[in-house]
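In what follows, structures are represented as structure tokens.
Here come two complexes built around chain A, the first alongside chain B, the second alongside chain C.
Coming up: the complex of A and B.
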């Protein structure tokens, strides 16, 4: 059941009616029932996977919570008699027990995700190695596992919670139904965001009273998400697919246009989906984390990654990057490297090692193919280069005397946009790294004039192209206006006639200009596959 | 506590008057590479868990603020 389908609208309406008819304290149970209904309708028996994650997360965190509670009680009871070393020893013993539980839970859940998502990728590589090294054609068979809906998102979210409880960021949730809802909450199960328990739980279990203002803001947000997805993303997809499928024949400028359109498409698709998630959540009075902050206005790749898929970036930063940089082993390695190789190298080692791991994992998270790994590692290379070349940039900017100027900001935004757009070609190129390199090379070197006839041949006729371009322009204007605050709230402040006029126009735009396939089925969200 | 913090800082990055300096991060006296090493040393020395959310300029701008952070984590 896609978020853009009429079935989803009817499903949400049903959930809303029952939700607001229930007494406040039971409302989270309605959300839980509908979340499981959504999951079962969408992927049937594969609900077992989310149940395993929920149960293991609940049991593990409750055990860890028990360990920390006993530790607190013991230390309080023996406050006067225990020496500092004895307290330290006791704490270490408790921590080690909790660590064992955490590690086992992570192994189980990431193990399941790993097998389902990466087993065939591993098998393909083993087969390739056997063929290359031993000329063996005795290939291992593929498992072809079915990937349950949203498994990457709910696994990351749940394991983040397990790690947070381990580090004592907050206490373990005692109510298993509340935890089950946190893991399975239906508006965000398809493509996130990856919410933190302490943030989402504030409103998810509160059973907020109906608030007409919040409800309207939610509806506007949904409408905006549908516009980005149906009017812009799905329309541009036709051209992007056409150009990429004919990349050997298409001229470079047509491929460059596809690279540009793909950036708009993926932004419209992913952020549009998140808008729908946030909007639907607002209907229930639930606040979900923002996942985008006008990323195409970033002035560097590092800034871009703080503004695109924010919750995934935060997840990697908090649970992989940071723990690696400050881990004892890495810091010992850093010390040794300082002594043996040099101060500069040793000092940088923890951060670059952690960055490498994060980008390798981010690449694999996006897909079980080498092109995604290459994409991740290219991000690592660019970020490392940017850090190391900063003194050079500063000198250059000093010479040009334009640091902070409008021209400099425009240049930085333009540069970042195109770097990220070209990196995205690896995501586009189903034929692998070689295909991505050919597309990038042709886009930059094979310059040719654009004609409407050829654009039509590749998937967009004059009208479709016009609607797509106007859609992009509206997204740009919306982003620029966002700097002044929430647009949805501003619409609510308009006089009633203007508000209704705007609403009617926006609805008509989505209905008339939305790109629908056979039987009015929109395309699946791109991030659904993750 | 503060004296020990200053000792660690001096070993890592000598030549700064840590008694009075209040802009270790804001004035870029310590870069991100230094902060990572410092956090490792602090966790080792004081047996505290410094988490990602504690990595703010306010917590690392002076020896005093670092000592305060450690004291709050020890409680």
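Coming up: the complex of A and C.
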């Protein structure tokens, strides 16, 4: 059941009616029932995986919570009699017990995710190694496991919660139904965002009263998401697919256009989906974390990653990057490298090590193929290079005397946009790294004039191209206007005639120009596959 | 509660906009594919028809309700469509009953041999999308729409036709709310004679049984007519196609007999009607031109009057209305026959 389908609209409407008919304290149960219904309708028997994750998360966090509670009680009872060392020893013992539970839970859940998502990738590489090194053709058979819907998202979200409870950032949830809802909440199960328990739980279990303003904002957000997904992303996809499928014959400029359109497509697709998630959540009075902050206006790659898929970036930062950088071994390494290499690079080396791990994992998270790993590591290389070359940039900017100027900002935005767009070619190239490199090379070197006829041959006729370009322009204007605050709230403040006129036009634009139904290839959200 | 009027106004605006878009985007079937207008025009043109014709495209090419009225005084409407399946015939009949109750339903059985594999979206659309009774329409949609179709698009057509924004013509706006009638009570007039007519010999068949779903709905039609006290005629219009077999006739005669209704295959009677394959059909002996249609309609009128006698001229108002309609039809038919005669002169050689 796609978020853009009428079935989903009907499903949400049914959920809303029952949700608001229920007394406030039972509303989270309605959401839980509908979340499981959504999962079962979409995935059937694979609901077992989400149940395993939910149960293991609940049991583990409750055990950890128990350990910390007992520790607190014991220390309070024996406050006067225990020495400082004895207290420390007791705390360490408790922590060690909790750690064992956390590690076991992480192993189980990431193990399931690993097997389902990466088993065939591993087998393919083993087969390749055997063939290359030993000329052996006794290939291992593939498992072809089915990837349950949203497994990466709910696994990361749940394990984030387990780690937070382990570190004592908040207490374990006692109500198993509430935890089950946190893991399975249907508007965000397909493509996130990866919400934090302490943030999402504030509104998810509150059973908020109906608020017409919040409801309208939610509807506008859904409308905007549908526009981005159906009018822009799915329309441009026709050209992107056409150009990439014919990358050997297509001229470089056509491929460059495809690279540009793919950036717009994936932004429209992913952020559009998130807009729908946030909008639907608002209808229920639930606040979900924002996942995008106008990323194409970033002036550096590092800034871009703070503004694109924010919740994933934060997850990796909080649960991989920081734990690595503060781990004993890395601190020791840092000390040694500072002694041997010097204060500058020696100090940064452990950070790069953590960054390497993060970007390797981010690449793998996006897909079990080497092109995704290469994509992740290229991000790492660019970020490292940017840091190391900063003094050089500063000197250059000093010479040009343009730092902070409008021209400099435009240049920085332009440069970041195209770096990220070219990196995305690895995501786009189903034929692997080699294909991605050919597309990048051709689009930079094989310059040829663009004609409407050829663009049409690759999938977009004159009218479709016009609508696609207008859609991109509207996205740009929207993003620029967003700097002044929420557009949805601004629309609500308009005089009623203007507001209704705008709403009618926006609805008509989506209904008429949306790429859906017969005559169009129905497209899943790109991030659904992750 | 304070915001209720505003909510109602917003809902009304949304409905209004949807209706507007539906009317603009739905194909008009005026200048082309006119058979798509038959379902829509039923509610405009049909004046308490005594006979309703149901079936596939051969019917709306070979039966002219206006000419039938002229020859035999029978009022009728032709609710056949291209590739109309038996389940669609059933729901069209149910839809008809919400408007008026005919005395006789004449059902062409050509599609009894065709099951769901013959489902095509364009044909489904032409039959169903203008149906007015929502319950019958829902039944027709659920029984007809293939997996590739979205049932909601039958009720909110803009969801299906929104991609026509590039192809909208002036007639889509001009006829958005007042499309003219392009058929004559469901009859599609054609005056052409092709350069060649190919008649193929019947091929032997392995399995003479009907498609199970089609037969199930034939039984439902029989049942519905019985319950409503409507006479039912099962007929096979005169064609010279090679896909009909005597085994079908035998099975239908048996079914008709056991249900106390009539079945007649008019194809072997074509000679008696004066129908000539060469000059009375537009395509290899399947669909008739105006000459063939008039010959068959005249014969059919006599058959109905002899066997069912539904013609009644008690209602003077109705008679007047039909006479007015007949005037317009006769004018068009005269032009049609003139065009046919011109074509006849060209292709008369070998007309026998």
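The working rule: the second predicted complex is superposed on the first by the 514 of 530 C-alpha atoms of A that agree within 3 Å, B and C clash if a C-alpha of one lies under 4 Å from a C-alpha of the other, contacts with A are read in each partner's own complex, and residues count from 1 in each chain.
The working rule: contacts are C-beta pairs under 8 Å (C-beta built on N, C-alpha and C of every residue); 3 or more make two chains touch, one makes a residue touch a chain.
Since we're looking at a predicted model, the values are computed, not measured.
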item: Side-by-side fit of chain B and chain C on chain A, or clash; value: fit
item: Touched partner set for A:326, first chain B, second chain C, both or neither; value: first
item: First, second, both or neither for A:167, with chain B first and chain C second; value: first
item: Touching partner for A:317 - first (chain B), second (chain C), both, neither; value: first
item: First (chain B), second (chain C), both or neither touched by A:463; value: second
item: First, second, both or neither for A:133, with chain B first and chain C second; value: neither
item: Touching partner for A:392 - first (chain B), second (chain C), both, neither; value: neither
item: Which superposed partner A:21 touches (first chain B, second chain C, both, neither); value: neither
item: Partner chain(s) touched by A:334 [first = chain B, second = chain C, both, neither]; value: first
item: Superposition-derived minimum Cα distance between chain C and chain B (Å); value: 44
item: Common interface positions of chain A, toward chain B and toward chain C; value: none
item: Residues on chain A engaged by chain C in the complex (per definition of touch); value: 6, 212, 461, 463-464, 500, 504, 507-508, 511-514, 516-520
item: Complex interface listing, chain B residues touching chain A; value: 32-34, 36-37, 39-41, 43-44, 47, 49-53, 55
item: Chain A partner contacts - residues on chain C that touch it in the complex; value: 3, 10, 13-14, 17, 21, 25, 121, 148-150, 152-153, 158-160, 162-163, 165-166
item: Residue ranges of chain A in contact with chain B within the complex; value: 88, 167-169, 317-318, 322, 325-326, 328, 331, 334, 347-348, 350-351
